[in-house]
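Per-chain residue numbering starts at 1, and chain names A, B and C are given in the order in which the chains are listed.
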Amino acid sequence: MKTLFKLITVCTVVLLGYGFCQAMYIAPKEATMGDVQRIFYYHLPSAWIAFLLFFVNFLASIWYLIRRSKGADALALASAEVGVMFCTIVLITGPLWARPVWGIWWTWDARLTSTLVLWLIYVSYLVLRHYAVGGQIPVLASALAIFGFLDVPIVYMAIRWFRTQHPQPVIGGGEGSGLAPAMWVAVLWNLAAFMLLAGQYIWVRYRQALTTYDLEEAHAHASLHEEPGGAR
Amino acid sequence: MSTVPGLWNITRRSLAKDLRLEWRSKDAINSMLFFALLVVVIFSFGFDPTAEESRRIAGGLLWVAILFATVVALNQTWTRELRNQVLDAYRLSPAPAQALFLSKTLGNFLFVTILELLMVPLFVVFYNLRSVGPVWQLLVVGVLATWALVVNGTFFAALSIRTRSREIMLPLILFPISIPALLAMVDATTAILTGENSPFFWIRLLAVYDLVFTSVCFVLFEMVLNAE
Amino acid sequence: MRDVVRHFGRFAALRGVTADFAPGRLYVLLGENGAGKSTLLRIIAGLLAPSRGTVSVLGSTDIASMATRFGYMGHAPLLYDEMSAMENLMYFAALYGCPERERCEEAIRTVGLDPTLERRVGQYSQGMRQRISLARAIVHSPELLFLDEPFSNVDIRSAKQMTVLLARMRDRGTTIFVVTHQAAIMEPVADECLVLDAGRLVAREKGIPARLLTPYRAEERAAMVSQSGGSQSGQGREGRPEREAER
């Protein structure tokens, strides 16, 4: 296992490096925005991966509620945390991009705004996990996760309509505008690199969550056999 | 001997019981009404528009004010059931969990509607509001929007029973998920007040939101109720 | 129940409890505070799930489906303070599908209180509250009754009345479990007692042997024994603790 992990790490680093090259040097310069646009190659894949991870969280939560499997809960936790991380990347790269191009830090761009709402929903999920008491945390969190994910399409619909009513500057090449084929190459390489990276993070966090569970069980098991020290 | 009671029957009785208890203790309603009044007044000091602008922002202000008042009210919902651990008595009985949820949600709906009946006239007075669009549309938005806040609010209030920092947990998990509904209710209200846009997309969105989340609440409530 | 284990975090409240019970008898669960008695009762009543092990009640492991057939009286009163006794009982009876006035009035009278009393339950004395709580537990005429510390902070007279009532119910066929750390009160009426210590079942005997009776003022004990008509079950019997196997 460990050697496989190291191997994948090497692959990830290589891919990230290659993706960087693609994004920074090989992809063509964008017509209107210039080199600043290159941040897009991190902005877009992060958004896709965050969304994918939240979908994984949704499935894992449902699986947990049906089967009460610890693995499902560990996966839900891991995917939520890593998903929030990638969401944060989107939320940081967005304004970083908007400022030099448009002169403003924030626009109510469809993707950016939806990501913000997503970020809020899943941070609240993580807060609930932290503040819930007792052994039923996974049940409560899974319920919230289901609510959160079902909200996502509604959020998208709402923001899309909001933008048609209140037109705003568009970051990220908009929903409909196409990307030059050469740019797609950079996007896809970075996407692959990020997916591998996300996978690794999740793998580590997942194992850690499972180990925490096992530790709790071991403690509980041990306490079954010890004599209470005057705890009356 | 005794038959397993029906959903609507239990809902009706639980709601009647809650209303009776509320009437007797006047726990929440008095402080809530005063809180609602305070919120409206403070918002009025914070934003002082002319008649033209007021129609544009009143929708947003009103619904944010109602949102805050609702959250304070929702926290009270389950507090009564936790006193004397009387919630256990419900869990032990064969009565369906959904009936409890429905009765609490309806009770909250009534409660928030009463708050709105206080706050809306005040807003109209302070902001000299007059609606360009038809009032019946405002009523439709009001009903759908209130249900949207209350149905998720009741569910999450039940969720937050099992957490530390119960009072802060409810708004923390309720607000993010309610964002699309909030957007819809604010924009629909503004659209009707100013007459500049059609509110129908937002009304449809609210209806979809209500449908989806009411169903989810119904399905998941029993599990949350028994999560001990 | 088989090998019931319950953890709260790292604390093991129950460490593998196995026992079987016969219908129509009055069982008393004894033990010090923190021994796990309330936890066990909550698990049997279906309010709490065991971490491991199984519990079957009236032949089924799906306790929720048996809800109409058992009653539970908790440590807390499980009542609404702002309603009167009848209002409380009518509501709970409705939850069980039998909202008849006569039934509720009967239950209140059975525990020795006046059903016409309009006073809110929150203003009752502790003894009266515990009695109404018991009335709530029996209003739907359950076959099985679980009581968790029914005598806490209750005056001797109320406690005595409750034990007499429990004995009468047992005689009519109800199976009763009482969790208490005050053994002396139950001593005249108990069929069997089980002792829980730090989450384990350490003893099970007929009646309540003298050595398990908590120290009680001599006059009170004498008063209770004489009033109960001198039923001497378990007096002076020094049985060895036994692990109960399948009956």
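What we mean here is this: contacts are C-beta pairs under 8 Å (C-beta built on N, C-alpha and C of every residue); 3 or more make two chains touch, one makes a residue touch a chain.
Remember, it's a predicted structure, so these values are computed and weren't measured experimentally.
The touch graph of the protein chains shown is complete.
Overall, the chain located most centrally, as judged by its C-alpha mean against the mean of all protein C-alpha atoms, is B.
Across the two interfaces under comparison, A-B and A-C, the one joined by more C-beta contacts turns out to be A-B.
In this assembly, the C-alpha centroid of subunit B lies 40 Å from the C-alpha centroid of subunit C. The geometric centre of subunit A is 31 Å away from that of subunit B, both derived from CA atoms. In terms of their C-alpha centroids, the spacing between subunit A and subunit C amounts to 52 Å. Contact with two or more other chains is made by residues 134 of subunit A. Shared interface positions of subunit B, i.e. residues touching 2 or more other chains, are given as 228.
Of all the residues in subunit A, the ones that touch subunit C in their complex are 134-135, 216, 219-220, 223-225, 227-228, 231-232.
Here subunit C touches subunit A in the complex through residues 5, 7-12, 15-16, 32-35, 51, 198, going by the rule given at the top. Of all the residues in subunit B, the ones that touch subunit A in their complex are 152, 155-156, 159, 162-165, 169, 172-173, 175-177, 179-180, 183-184, 187, 197, 201-202, 205, 208-209, 212-213, 216, 220, 223-224, 227-228. The residues of subunit B lying in touch with subunit C in their complex are 1-5, 9-10, 13-14, 17, 20-21, 24-25, 80, 83-86, 88-95, 228.
Residues 65, 117, 120-121, 123-125, 127-128, 131-134, 136, 139-140, 143-144, 146-148, 150-151, 154-155, 157-159, 161-162, 165 of subunit A are the ones touching subunit B in the complex.
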